[in-house]
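Pasting the structures here.
Next, two complexes with chain A in common: one pairs it with chain B, the other with chain C.
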Partner chain A sequence: MKITTTLITALSLATTPVLASDVVRISGWGGNDLVVVNSLLNEVLADDIRAAGITVRYEPVEGDFAQYLTNALSAGTAADVFYVDSFWGAPLFRSGAIAPVSNANQAVADALIPALNEAFMYNGQLMGLAKDFNTLALQFNKDIFDDAGVAYPTMDDTWHDFRSKLQAVSTNLGDVHGICVVPDYARFAAFALGTGWSPFNEQGHTVLDDRFRDAFEFYTTLPDQGAGVMAADVGQGWMGGCFGDETTAVAIEGSWISGFLRDQAPSMQYGTVGIPVHPGTGERGNLIFTVSWSVANDSQVKDSAHKLIELLMSPKAQQWVLESGLALPSRESLGNNPYFNGTGQEAEISRVVFNGASDGYVEPFAFAQYGGDWKSIMDEALGAALLKERTIDDAIRHAQQQFDRLTGR
Partner chain B sequence: MNQSMLRQERTAGLMFALPFCVSLFVFFVYALVRTVLFSFQTYDLFSTPEWVGVANYIALLTDPLFALALKHSLAFAVVVTTLQTGLALLLALAANQKIKGRGAFRTIFYFPSILSSAAMTLIFLWLFQRQGLINQGLGWLSAHGGLIVTGGLLFFALQTLQFLWKRRKYTWMRWGDPFNGLVSFAVTVVVMVIMAGYGIGVRALEQPVAITWLNTREVWGPLPRTIWAIVAMNIFTTVPTLMLLYLAGLQSIPESLYEAARIEGASRWQQLRHVTWPRLMPVSFTVVTLGIIGTLQMFDQVALLGDAAPLESKVTLAYFTYHNAFPPGGSPRIGMASAAALVLATLTLILVLIQRAVGVSETTND
Partner chain C sequence: MTESALESRVEQAAVRRRQAASLIILYGILLAVATVLMGTFMFALLASLKRDPLEQPFRLAFEQIHPANWVVAWRLGRQGSGDAFWGGFGPSGDVTFELTYAAPADVELVEPAIEVPRRRPGTGMAAAVYRDFAADHIVDWTIEHAALEPFEVEVDGVVTPWQRATWTIRFRHDNEGPRIERVPLTAEAPLSQTLVDATLPPTRIERRGRVASWENITPGSLGYVFNNYRRVIKESVDLNTGNSLFVSWFKNSFFIAAGRVILTLVFATMAGYALARLRFPGNRALFMLLLVSMMIPVQVTFISNYLVIRDINLLNTPWAVIMVTIVSAQVLIMKQFFQSIPKEIEEAALMDGAGYWTTFYRIVLPMSRPALVTVTIMAFQGAWNDFFWPLVLINSPASAFTLPVGLLSLRNAYGGAGDWSLILAGAFMSTVPVLIMFMLFQRYIVDNPIASGSKE
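Right after this comes the complex of A and B.
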């Protein structure tokens, strides 16, 4: 009996087809993203993933993802595939813990908006594929502009036009401000970059030159010029908050504001145009906020990990992301997608934000190996000038000293 | 006891002590040794650590942010330990009174300490906004300053009048008699309401009070304004716990000592000065020591501020250590973080030893 059982077991094992299924662990942040990734894996790509012989184990992380990833990569416990934000990517790329994009995925990389690939270049190698992105755009409340009798902002507005319109709104309506400004480089950059200034020169140093001063003065004096107010003075922490409660006529935010407005101000009629252009250069400045899919260098299933990323970045997956209205996919060809030609305000904001990645002086929201240390110097200078704790020249001089210490000169 | 039983008892004792010894070794001895080693190396968690001798310590000495963190930590420790010890004692004395609803008062006093510091910090972030409750309260005080001063003077005058009147009638009365105080207070409130109704003592503010508490570089005295906001948060959450220690201390003082003091004619102040305070010395020692350790290591409230405040206005030694270990968007600087952590540990030890040598004693001296 025992022999018979053993023979049957051996026979059945021999006739069972071998399923070479690599288990690929993927990791990202929790919150809303959990639903998005689960839907993408289980509803859109399930068959493709199975056909590729891959089993995906999804491990979302709540809390500080950058810190988790740094610890996990250094301890060798990181997932095979994970998000890398352009803001904190450089130190991880430099550590050698992340594998460059494989040759097999080069075709995918070539299909992406070039500026997105720039955000993940390190020492001439592409270290991740931008899964989606956002840029800044100008949202304006149509009713407020109508009530004030002021023309809507347009794509051709210069800084001066922009400021004049905000001043006119404030003057004509009294209880509505033009814009609420925040001491945050992530918004101020829309003006600083438009002058042609760059956060780092060719030697990798930060130099706050006259172009920078031009933007710094324009931005920090918007409240003095009667064109705006500090967000903190109207009880808000971001431009979207002031815009959502109709305290201000405009905001400078990415497409993430559309979900907020859908909830907070569902009846608001708003339009979206690009950032105003600098009167001198005739260009607009913009930041790209993006996150890549990257692979751990010590992954035991590197080929499958790269294959999985290829699927996650496939036209089918990106089309689903776009149509879900969850994020802006990074394939350049999707710029021609019918979704962007819609007349709705959310289609409009998506179109302007998508085009923002290729329009004017665009930089990734990344500061080499300095990360938050760089940004905090800039934010402090903006805060000091906006609060009148330093004059514009003092704030710039103090910031330059700190940048010299940080980036050298 | 025979040898076998003695051996068994010894083994049992060792087995009981083993978990503690293991955790002590892993999480303290081993961690301390590693930290000391890292403090002499450059290490970013990825590459092989490189021996640099005392370079990290020299870098600390030349880093303006470290000097700022050290200054903030020391000033914060002195200010908060002093304030929280005094307030805890006052609250404990109040909560120890034999009055109606004593349990309710004790619960109310103790309530802030059961809330997590994370939750409290988020609430305080809201309170300290430019249009938050703190500024609105200051605005109200500023607008009604004249009325409040007038009310205070009126109360003082009424109380003094009652005192003098009773003395004239040869009736004994303390100036601070609670019943007469209640009468004075009631009359004062009525007069103030009438004055407010006529707009007397009330002024319209040209601008609402808009002090920037958090996102500012302003310095008030020894600390940035941002850290003064953290002082308020910290005291609010720590005082109740320390009050509980004092309350336990107060209740352990025998009533017979007060009876003897009263028979000798000691006033309330003399009882407090010569009976209560000396008997509370061991508790004060605990409270001050816990205060110094807790304030020097204060971290969570600074970390939770996030981008709401500039780094220079909020950095303390504990945050400086964390900031070096996990710089936002930057490479970990474990060597610098370890050196700073050891400086913090040494500083804490020195301050506790100093306070033990010259500060509050741990014995009752009797």
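Right after this comes the complex of A and C.
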């Protein structure tokens, strides 16, 4: 009897599914992302994760995440799954510390907006799946345009229409500027790319041609033309700050500005349209800011890590992300989501920003292996021209020399 | 008086003048430094109370420090929830709020559009925490209007007749819902109409003057003045447990600082005494090694220390931060202090039959109180303000952070939205323990009992 019982017990244990689960550590930055990831793990996907036999340990990191990740990958203490920003991803991809997207997740990759996948391509391999993204759009303060008696910006406005409207607002009201400009490629690119110019030519060199000059002159002379002001001159560091305190009529920011306005100017009536189109090309330019879920190459639970990413990128999870208003999902099919047809200003900004990823000349906010070195040359040139330290031609010539040294020619 | 005596008196007078001048200069410098330091402290305190600590120009007189507003906030808090100190809106809440608008006599004064918006406070983690809104629990909403006496406005010698009226808003809680911490309110009126008075001053004027907006019209007196402090404690929460992260960070910092102080005192006193009194081969070499080790920047040894701590599985624990830098300059301080203690005292103890340990523990340590206090303060301050090691060694979970790293996380969550008031309140609170420590123990630093311990 005793032997029979033992045998039955042993047999039942052998046929019972393995209850032990892989522990997958995931890591990203803190701040607002804490809310998104925490809710995804504990509310939206808890059952699916458990069913997949995965236990998740979420380790948000404060401070400089890029620095943390570099150190952690070097010391072998990095999480199994973590964020990689397209801006600083290339050196990590080159180091071999990151595993390419698994074949099992290829279906997820195929469902994403194509431009997002381009941001994480390295040597022909996809190194991460874009968890969410942002692009630039034009926000405008309806009260300011109403008080000035100027028509609202529209999706069809060209650069000239845009500048004329800002000039009219500034002239009619006196106490408001059109836009506050910053010496930052992350905003200037909205115009530079619209001309058809590209940061790198086919040989991988940066060439500041006439198209670039066209945008450079337009952007850096907005204050001189009575259409704008330097952000620093009104005590701000970014366009959203000027817009939030109603110093300016418009801002060029991503959907992150909606959270800022919800907090700092909760009653503001604002609208959102796309970046003005270049009068020559008839296209608008835009940048994609995105972060991937990637897997450490030396992870001991690589299969579970890829499976977890699949869950985090599932339609169910992305739908929740969209409806929570906390970030924009990266699945192309969600462009048809009813949420985007809402009439509220936050639905409108989400719609315009989402569509911005596939409207006109769009580039990822990434500069190959050059990263911050490339951007700082551009920012320096913009600053020199805006502050009148150099003439426009001088600033471009100087920047070209620096780019030639950096990217070759 | 002889000539030499006269010369001597002249020299003494000159010496006294020089001494007096030196004292005046010294005290002047000390007073200037104290004024600057305390002035900075006071400005930080004032800024931490404001809604917008970055406001330019900086105002010394602002709404939160007006006693009249404290009284009103007290009354509104009591009306809203019965809690006059911390306010809120709960069952039995019955709130009355008044708005007075004025306009030129030839313009129609219209009723402002009043709304209690469903507004979350701040950004970041608060977005996940606040789920109850006052707007969902208000019943019996009434607005009454009373015209006031007309008045005249003179601008550049031209007198214009104006009219004004007060709107009284009264609303009650539905008596079933929860107690809600805040009741935001907005009042929208045409641009021709100006808000001239309100029960509480508006938090901000929006939409180019169309909308007056209040973050909370039932704040309670303490809630009104210390709103930023309340926010930093209540809005930084562990999303899994609901516990205040700020409180956890405070506790962690205390634990780590206490651990560092204890270990530092043990090692610094023992090593300092050994180097000061014990004669053994390699004594000087050991001392030189100690000096050299102090000169090595932390960045040089950081990776090796990190790897060691990783290999002994102490990452993400307070023990890692406690043990990583226990002794440094403190050994030097103790060694120098022990050397200043007359040997005769210890020899007398030895003569009386005390051993080395008893002499050290019963005689030397009690006499070393000034040095011990100095080392304690230095170790505590160093541990409390340490940013580098906690940032490197404790990445997760958020409740394990120390205060400086926690403040960084607050900055990441709220700074992007320009919500600096909460961050500044947290930063100010983090300075208080060190300040209290200095205030409590500074007299021990000055006091030196050794002089009375031996006879010349």
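The rule is short, and it goes like this: the second predicted complex is superposed on the first by the 390 of 409 C-alpha atoms of A that agree within 3 Å, B and C clash if a C-alpha of one lies under 4 Å from a C-alpha of the other, contacts with A are read in each partner's own complex, and residues count from 1 in each chain.
The criterion applied here is as follows: a residue touches a chain if its C-beta (ideal position, glycine included) is under 8 Å from a C-beta of that chain, and two chains touch if they have at least 3 such contacts.
The structure displayed is predicted, hence computed values, not measured ones.
With the two structures aligned on chain A, chain B clashes with chain C. Of the two partner chains placed by superposition, only chain C is touched by A:Asp263; chain B is not. By the touch criterion defined above, A:Ala66 lies against chain B but remains apart from chain C after alignment on the C-alpha atoms of chain A.
Of the two partner chains, chain C is the only one that A:Asp147 touches; chain B does not reach it. Once the two complexes are overlaid on the shared chain, A:Val234 sits against chain B while remaining clear of chain C.
When the two complexes are overlaid on their common chain A, residue A:Gly96 makes contact with chain B while staying clear of chain C.
In the superposition on chain A, contact of A:Trp88 is made with chain B only, not with chain C. Once chain A of one complex is fitted onto chain A of the other, the partner contacts of A:Asp379 are limited to chain B, with no touch recorded for chain C. In the superposition on chain A, A:Asn38 makes contact with chain C only, not with chain B. In the superposed three-chain arrangement, chain C is struck by just one stretch of chain B from 41-49, 77-85 or 95-103, namely 95-103. Contacts of chain A with chain B, set against its contacts with chain C after fitting on chain A, overlap at residues 71, 235.
Residues 66-67, 70-71, 73-74, 87-88, 90-91, 94-97, 183-184, 230, 232-235, 237, 366-367, 369-373, 375-376, 379-380, 383-384, 387, 389-390 of chain A are the ones touching chain B in the complex.
In the complex of the two chains, the chain C residues touching chain A come out as 56, 117, 119-120, 122-125, 127-128, 186, 188, 206-208, 210-211, 213, 239-240, 303, 306-307, 310, 315, 391-392, 395-398, 401, 405, 408-409, 412-413, 416-419.
On chain A, the positions that touch chain C within their shared complex are 27, 29-32, 34-35, 38-39, 42, 57-63, 68, 71, 75-77, 143-144, 147, 235, 241, 244, 246, 256, 259-260, 262-269, 326. Of all the residues in chain B, the ones that touch chain A in their complex are 44-47, 129-132, 210, 212, 215-218, 307-308, 310-312, 326-332.
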